[in-house]
Amino acid sequence: MQIGKETIPKTRISTSNPDTIIVRGRDLANELIGKVSFTAYFHLLVTGKPPSSAATAVLDAALVAIAEHGLVPSVQASRMTLAAAPEAMQGPVAAGILGCGSVILGAAESAGEFLEEVRLRTQGQDFTQAAKEVVAEYRREKRAIPGYGHPLHKKRDPRVAALFQVAQTTGADMTYVSIAEAIEQVLPDVVGKALMLNVSAAIPAVLLGVGFPIKALKGVPILARTAGLVGHLTEEKERPIGFALSYQAGLHAVYEGDAPAGFVPNES
Amino acid sequence: MQIGKETIPKTRISTSNPDTIIVRGRDLANELIGKVSFTAYFHLLVTGKPPSSAATAVLDAALVAIAEHGLVPSVQASRMTLAAAPEAMQGPVAAGILGCGSVILGAAESAGEFLEEVRLRTQGQDFTQAAKEVVAEYRREKRAIPGYGHPLHKKRDPRVAALFQVAQTTGADMTYVSIAEAIEQVLPDVVGKALMLNVSAAIPAVLLGVGFPIKALKGVPILARTAGLVGHLTEEKERPIGFALSYQAGLHAVYEGDAPAGFVPNES
Amino acid sequence: MQIGKETIPKTRISTSNPDTIIVRGRDLANELIGKVSFTAYFHLLVTGKPPSSAATAVLDAALVAIAEHGLVPSVQASRMTLAAAPEAMQGPVAAGILGCGSVILGAAESAGEFLEEVRLRTQGQDFTQAAKEVVAEYRREKRAIPGYGHPLHKKRDPRVAALFQVAQTTGADMTYVSIAEAIEQVLPDVVGKALMLNVSAAIPAVLLGVGFPIKALKGVPILARTAGLVGHLTEEKERPIGFALSYQAGLHAVYEGDAPAGFVPNES
Amino acid sequence: MQIGKETIPKTRISTSNPDTIIVRGRDLANELIGKVSFTAYFHLLVTGKPPSSAATAVLDAALVAIAEHGLVPSVQASRMTLAAAPEAMQGPVAAGILGCGSVILGAAESAGEFLEEVRLRTQGQDFTQAAKEVVAEYRREKRAIPGYGHPLHKKRDPRVAALFQVAQTTGADMTYVSIAEAIEQVLPDVVGKALMLNVSAAIPAVLLGVGFPIKALKGVPILARTAGLVGHLTEEKERPIGFALSYQAGLHAVYEGDAPAGFVPNES
């Protein structure tokens, strides 16, 4: 079935023949394997260009920052899935990645668009006024403020300073970092309470400063969390807790529906 | 519901408090972000230990080798999924990862178990006899030989030599590489045709030599391909081909079922 | 980690003890198995109430209408995934369901919200004026018009009349059907071309008339398509075409990136 | 890339032109919508044939039996995923389906193969001897006995009798039911403890008796559970508990790894 006008698939990423695999214009076997790090290769795959040294440092830091944070919902879902379906690891990984959503873990892209919106509104060097305007608009439209506030890290998430320091040290453009901090400062006035910068805003703040594209930002937590999931699933195979997590999750669950007369729920 | 005996979830990977996130015994913000590469961090997450320099080199090489190979089935499935469901990038990534299966892309783990089986059977230094025995057993049990043969690369997949060279150069243990080559040599006799080493056997051959655990091997193509999928989905957002791929896929499809009298199928 | 204020899970759907499973207030083994159809049970699960006879008829019709339409993108993605990963059928089904998105297949919910928006704006019995306003707003905000237009069925999708007839015959409330038709009539004027009602608007048009909740509408194409996917995957196991679909999809693909001097792409 | 020999996709399921959609030889709009139930259509999609009245009854009963059992792992994973990623319902449904695995929920197919194996070994009418042999073989090969034993229903799962009664009442062939019961009787001797028939063996026992194909058996719990997931996700949108489930799951988790001196974990 023809959907849309295009019928010929075109790509700039890769081609091959029996002897050679080309990726982004380079010979994979001779120019890339053993020559570039996985992080640099990820940059090349996504942007078509090798990263600057600042971009490599910042991208490594961002991937390390968001890969792992303990038994969070996506990890629990993934480990429960492996316990139920150990026959194919790709399934539990996929289940975990599906939790990389707009509410938690996957806000890097919307936070990046948010920072960019402030930048585009700013005239001169002071981001405060534009930040106030954009935050006020989000509030009017009842949109969440992406990248601010954290259920555990009520003071600033410790990963934020670490990311900003990598950007500073490696000479990355700090424009978006300044924007992110300007937003943090105006938030109490506009929203009525402090919402501190979290890692989902810090990641675009440093990555946009090294030219990483907004449309690929969500790929950063997704790729990073895949590494974390592989760690957890490897542990799950050795020391399974998927069903223990499920047991605990349901232990105090309350059934509020009807039941036939005389039914006594299981004292689980 | 209690399934199994364990009711308390236990983990050695990560814990945290409001100020500090601990991963594998280290302070994430102060000891890891900006200090280690994503590849080294992946090794730490999975094994609990930082990698040797050989392990980092080999793991980087393996991830680069398997991340991207053009419009393969998992990439096509992922791009079609983004075209149909652009609202959430994690969905198309998950769809692509689900194609990391036992037949293509995901054979690294079963190939690793295969190499290990030969190693355990070997007495002395010559792997040939053990290779013959294990291959013969796989044939008897009608199991696929994982990691050998490739639909495009009929001679040896060019990525194999590149991976072996990285292992050699960095001083990795070459035992499993020797095993992999011994198997390649006995295959024509036992199977009746040449099946050349492909990247799915080369990856465990080099990774087992630096101590990467067999149970985590499948995580390598999964993590690597996630990077490739992010590259393709970023291109898909800019230059969509998901529906063009689907159009081509169905263009010459033949309907072999019944139809009511007079029905003329669409000349698509 | 505590996210949000609620810490106690509560549900009205199901509870159990070793002897009895309660679903929506009924004893599953004694009151439901063998007593209700799967369609009626689906209604009970989602709404908490057994369906009227009109609701059963309309829900059956909607599920039958959207379950299957040949080798569409989600089916292709699913069959390619089974070909690559035959070890676990739930993976290919999940990959197919992930293509139930906002652009194709999954528009029933947004179409339902669209119809409801027109209803809420309407004063008296004539939906035309409200339809014009809401369509014009969607256009101003550059939102797609969900449920109108189809790549193949340029005249009205034949499933639309069939669904409307079931609703009519069974005595369902036809309000949303009238709204859907009013929108179809104003579309040429506001949008500049005819966009005929498709199945994704017809489904909410009939289901909202029997009290099916808007928030569950997307579950209808998802459940229906799962049945279609099981059909295709059963065929795929017997007569595999997943790799043939992938071969065709890539056969005429054009690589528009750079390549090293002398590289000749595979004449696939 | 050509993988395997087939290059032309062929299907017997569906074709269409702008006016007509053909499914399994019938005109979808004129012969199926409003004429057949979703359950009967599922049978038609999978087998190519409309079901007998016994087959419809048994298939309805099987789908109703396995659709819902409270806050089980797959439902918890799905609800956590919606809480994190509410932007696209297909993602949480897919995450839930991925838990339809070999250990829980998805054992219908392997249980069906197990019953069939006993049938093929049986000479005459007594299944006991063949049941003993096959169970003993499974034990020797350290394979799980699929479809027997349940973490909650230590006596026979109440759904089993309900399913068998539907089969009996509608005149279905009871051969596989007899086999399933023969296995249940020999298990204590061979395995050393009673393992009662659960719903995952009862489903193939009744479905194989009405000619449902073994290769499609796993589609039954997958389709059924999709209905259950839609029910839970609809409730989750109104009365969210995804994060409460995650909170409880992690509340008593124990970190057994190292930590820097002085680190005090969060008293969550």
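All chains are identified by letter, namely A, B, C and D, in their written order; residue positions are counted from 1 within each chain.
Following the convention adopted for this analysis, a residue touches a chain if its C-beta (ideal position, glycine included) is under 8 Å from a C-beta of that chain, and two chains touch if they have at least 3 such contacts.
Keep in mind that what you see is a predicted model, and the values were worked out from it rather than measured.
Averaging Cα atoms per chain gives one point for each, and the point farthest from that of chain C is the centre of B.
Separation between the centroids of chain B and chain D, computed from CA atoms only, is 28 Å. Our note on geometry: chain A versus chain B, Cα centroid distance of 22 Å, whole angstroms.
The geometric centre of chain B is 33 Å away from that of chain C, both derived from CA atoms. Contact with two or more other chains is made by residues 1-4, 8-18, 20, 70-73, 83, 85, 87-88, 90-91, 94-95, 98-102, 104, 106, 152, 241, 243, 245-246, 248-250, 252-253, 255, 266 of chain A. Shown here, the protein chains touch in all possible pairs.
Looking at the complex, you find that chain C touches chain A at residues 1-4, 8-18, 20, 22, 24-27, 48, 70, 72-73, 85, 87-88, 90-91, 94, 104, 151-152, 249-250, 252-260, 263-266.
On the side of chain C, the complex with chain D involves touching residues 1-4, 6-21, 23, 28-30, 32-34, 36-39, 41-42, 45-46, 57, 59-61, 63-65, 67-71, 83, 88-91, 93-95, 97-102, 106, 109, 152-155, 158-159, 161-163, 165-166, 169, 213, 215-216, 218-219, 222-224, 226-228, 230-235, 237-241, 243-248, 250, 268.
In the complex of the two chains, the chain D residues touching chain A come out as 70-74, 76-78, 80-81, 83-87, 91-92, 94-95, 98-106, 152, 241-243, 245-246, 248-253, 255, 266.
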